[in-house]
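Below, each structure is written out as C-alpha cells.
Two complexes, one shared chain (subunit A), two partners (subunit B, subunit C).
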Partner chain A sequence: MKRNEPLINLFGLILIILLAVLVYLALTDSGQGLTMLSADLEQRVSYSYLLKNVTAAGQTENQHGQAEVILGREDYENGAVNIVTAIVTDYRMLDTFGEILVLFAASAGVGLLMVERKRGKAKEASEIVKTAVPIIILFTLITGFYIISHGHLTPGGGFPGGAVIASAFILQFLAFQKSSRNKVFKILESLAGIGLLAMGLIGLYLEGSLFANFLPNGSLGATISAAGIMIIYALIGIKVAAELSSISADFIGE
Partner chain B sequence: MEAAIIVLGLIMLAGAISVLFQKSLKNAIITFGIVSLISALMFTLMKAYDVAITEASIGALLTIALFFWALKRLEEDGYNEKK
Partner chain C sequence: METMLFILSAFSLILTGLFGVLTRKNLVKILLSLNILETGINLLVVSLGYFKGGKAPILTNSVSAAQGINFVDPLPQALVLTSIVIGLSTTALALTLILKHFRSHQAVEFVKLEVNE
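Then we have the complex of A and B:
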C-alpha cells in the first residue's frame, strides 16, 4: 500500500487543480446568467450553435454576413437551438441509431460472455465513501437528467447524460457492492430501444422518411420546444444509462 | 491559455507513455484515469463541453471501474501480479 501513496497523492492534487480551474472558469464566465434570451449571445459558445445553416429559407444575415437564426421563431426546422443536437437526432438520426445498435451489441456481448458466478470476498468500502456516495449520487442523477432534458438547448444530450446517470449507478456498485437490479436495466433498455424504433416508423408512416420529425416544434429556444428531439433524447438517455449500468452489473456478478 | 494547453498536453503524453512501463497493473490503471481526467480538462478549455462530460464520466469512471473489476476477476482465478 505504501508504494502507491505518491501516486494517490498526485491523483488528489490533480483533482483539486481540476476543480480550481472549473471554479475559475465559472466565475469568469462572460454570460449573464442562465436565461437564453437575455444573454449576450455573441460572447458565448451557444452563439456558434445558433448558426443553423441547412436550409436558406427563413434566415437573416447579421453584420458579419453570416446566416442567423432568430430566437423565439415558431416551428423552425426541427426546433433545436443546439446545432449538434439537430444533426445527431434529426438530420443524421440513422447514424445515431447505428451507434445505439453498436452499444447494444457491446452490452449483449458482455452479458453473454460474462459467466455468472459467485463473487469472491471484496474489501468493504470505507466509512467516508459510504457516507459521501449517496449525496454524490443525488447530485449526479440531477445533473444527468438536466443534461438529457436540455439536450436541444445546451451542449450535451442523450449520450453524455446517460453516461452521467450510469456513473451514478456505478458509484453505488463501488460503494455498496450490490448489483441486484440487472433485470430492471435490461427491461428498460429494450423498452427504450422499441420506443426509438417506433419513433422512426411513425416518422416513416406520417412524413415518408425514417426518423422524420412529425411533432410540433414550438418556439426556438424555449425550454419545452422541439418535442420530437426531447422524446428521442429521453429514450437515448434511458437506453445508454441502462446499457452502461447493466455492463457494469454483469462485471460485478451475482 | 495556449501555454496551459501545451503544458497539459505534455503531462498527458508523459502519463500515457508511463502507462506502458508501469510494473503494477493497478498503478497503470490509475495513471490511465489521470490521463482521461486531464483530457476532459483539455476538452473544457477548448469549449467542447459535451465531449468533456462524456470523457469525464466514461473515460475517467466507467473504464477505470471496468478495468478494476476485470482485474479482480483475474485475481479470483489465481492470477498474481509479479512483484
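Then we have the complex of A and C:
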C-alpha cells in the first residue's frame, strides 16, 4: 500500500491538471462568440430582478417608457431593497425551501445516527466563564434578532441570523453542560417548517403560484416593509437556529 | 482582469480540494478537502457575477434602466447563500458518519471489509 503512494499522487495531479485545462477552455471559449465572462448585466436574468419587473404586473416606468425603481413607492413585486434577499425569499423561494428541507434532513440524520452514550464527567467550566456567558448570550441574541429583522434592508437575513442565535445556544451548552436533547427545538423547528409551507400554499391559493407574494409591501426602503419577506425570513431564522442548536447539542452530548 | 484573478484563485482552491479527495485515505482529511473544494466553487460562482466597479446589489437610491445600472450580479450571491448552508449541513452529517465509522472500526481511515462467514 505504502509503495503506491507517490504513484497515486502523481496520477491525481495529472488528472486535475487535465480537468483544469478543460474547464478553462469551457469558460473562455464557447464557440458562439459570447463567453461566460463577457456577458453584461443587461444580458443576464438578474437585470429584471434588479429592476423588479420579472412579471409585467410589477413593472413601473418613467415617462420615456424605461423601467425604473423608486424608493418609497409601494407597487412593486416585492418590498426588498436588498436584491439578494428578494431573490432568495421571493423569486427563487422554491430553491430556498428545498435548502430548508436539506437542512432538516441533515439535522434529522445527525439526531438519528448519534447514539446516546454514557459520557464521562466533563470538566466544569470556570467561574469566569459561567459569569460572562449570560451577558454575552444576551448581546448575541440581540444581534441575531437584528440581523433577521433587517434581512430585507441590509446584508444578512434568516440564515446568518439563525446561525448567530444558534451560537448563543452553543455557548450556553458549553458553559453549563446542559446537553439534553431539547424537545423545544424540535417543536419550534416543525412549527417553522409548517409555517413556511403554509405561506407557500396561501400564495398558491391567492395568487396562483407557489410562494407568491400576497402580503402588502409597504413603502420600498422603510424599516417595517415587505411583510411577506419579513415573515418568511423570521420563520427561516427560527428554523435554522433550532436546527443548528439541535445539531450542536447532539455533537456536544456525544 | 480582476475576474480572471478571482477565477484563478477559485480554481487553485478547487484543484487543491480535488487532489485531496483523490489521494488521501483519512476520512477527516477527505471531508476537509471536500470543504476546500466547496469554498472554491462558491468563490468561482460569485466571481462569475462580478463586474468591474460594480456595487453590492442593495438599492440605496432610485434606479432606472435609462441611467445604466452599476451593480454586481445578485443571482450568484443568492445561489452561494444556498450552497453555504447546504455545505454546513452535509459537513455535520458526514462528521456524524465518520464518528460512527470510528466507533465500529477503531480507525478514521478506509478499512477492508471483513466478511463474516
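Methods note: the second predicted complex is superposed on the first by the 183 of 254 C-alpha atoms of A that agree within 3 Å, B and C clash if a C-alpha of one lies under 4 Å from a C-alpha of the other, contacts with A are read in each partner's own complex, and residues count from 1 in each chain.
Going forward, contacts are C-beta pairs under 8 Å (C-beta built on N, C-alpha and C of every residue); 3 or more make two chains touch, one makes a residue touch a chain.
Computed from a predicted model, the values in this text were never measured in an experiment.
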Notebook entry, point to check: Touching A:174, do we find subunit B (first), subunit C (second), both, or neither?
Noted result: first
Note to self: If we overlay the two complexes on their shared chain A, which of subunit B and subunit C does A:95 touch? Say first, second, both or neither.
What the structure shows: second
Check: Taking the superposition as given, does A:247 touch the first partner, subunit B, the second, subunit C, both, or neither?
Finding: both
Notebook entry, point to check: Counting only touches as set out at the top, which of subunit B and subunit C does A:166 meet: first, second, both, neither?
Noted result: first
Note to self: Under the stated touch criterion, which partner chain does A:12 make contact with: subunit B (first), subunit C (second), both, or neither?
What the structure shows: second
Checklist line | First (subunit B), second (subunit C), both or neither touched by A:147 | finding: first
Note to self: Just to be sure I read the superposition right, which of the two partners does A:84 touch: subunit B = first, subunit C = second, or both, or neither?
What the structure shows: both
Check: Which holds for A:4: it touches subunit B only (first), subunit C only (second), both, or neither?
Finding: first
Notebook entry, point to check: Does the superposition put A:23 against subunit B (first), subunit C (second), both, or neither?
Noted result: second
Note to self: Tell me which touches more residues of subunit A here: subunit C or subunit B.
What the structure shows: C
Next item on the list: Mind sorting out which residues of subunit A both subunit B and subunit C touch, each in its own complex?
Entry: 8, 11, 15, 45, 84, 155, 159, 244, 247, 251
Checklist line | subunit A-facing residues of subunit C, complex | finding: 3-4, 7, 11, 15, 18-19, 22-23, 48-49, 51, 54, 56-66, 69, 71, 73-75, 77-79, 81-82, 84-86, 88-90, 92-93, 95-97, 99-100
Notebook entry, point to check: Once bound in the complex, which stretches of subunit A touch subunit B?
Noted result: 3-4, 7-8, 10-11, 14-15, 18, 21-22, 25, 45, 84, 120, 122, 147, 155-157, 159-160, 163-164, 166-167, 170-171, 173-174, 244, 247-248, 251-253
Check: Touching subunit C in the complex: which residues of subunit A?
Finding: 8-9, 11-13, 15-17, 19-20, 23-24, 27, 36-37, 40-41, 44-47, 49-51, 62, 64, 66-71, 81-84, 86-88, 92, 95-96, 99, 102-103, 105-107, 109-110, 113-114, 153-155, 159, 220-221, 240, 243-244, 247, 250-251, 254
Margin query: Show me the residue ranges of subunit B that touch subunit A in the complex, using the header's touch definition.
Written below: 24, 26-27, 30-31, 33-34, 37-38, 40-41, 44, 47-50, 53-54, 57-58, 61-62, 65-66, 69-70, 72-73, 76
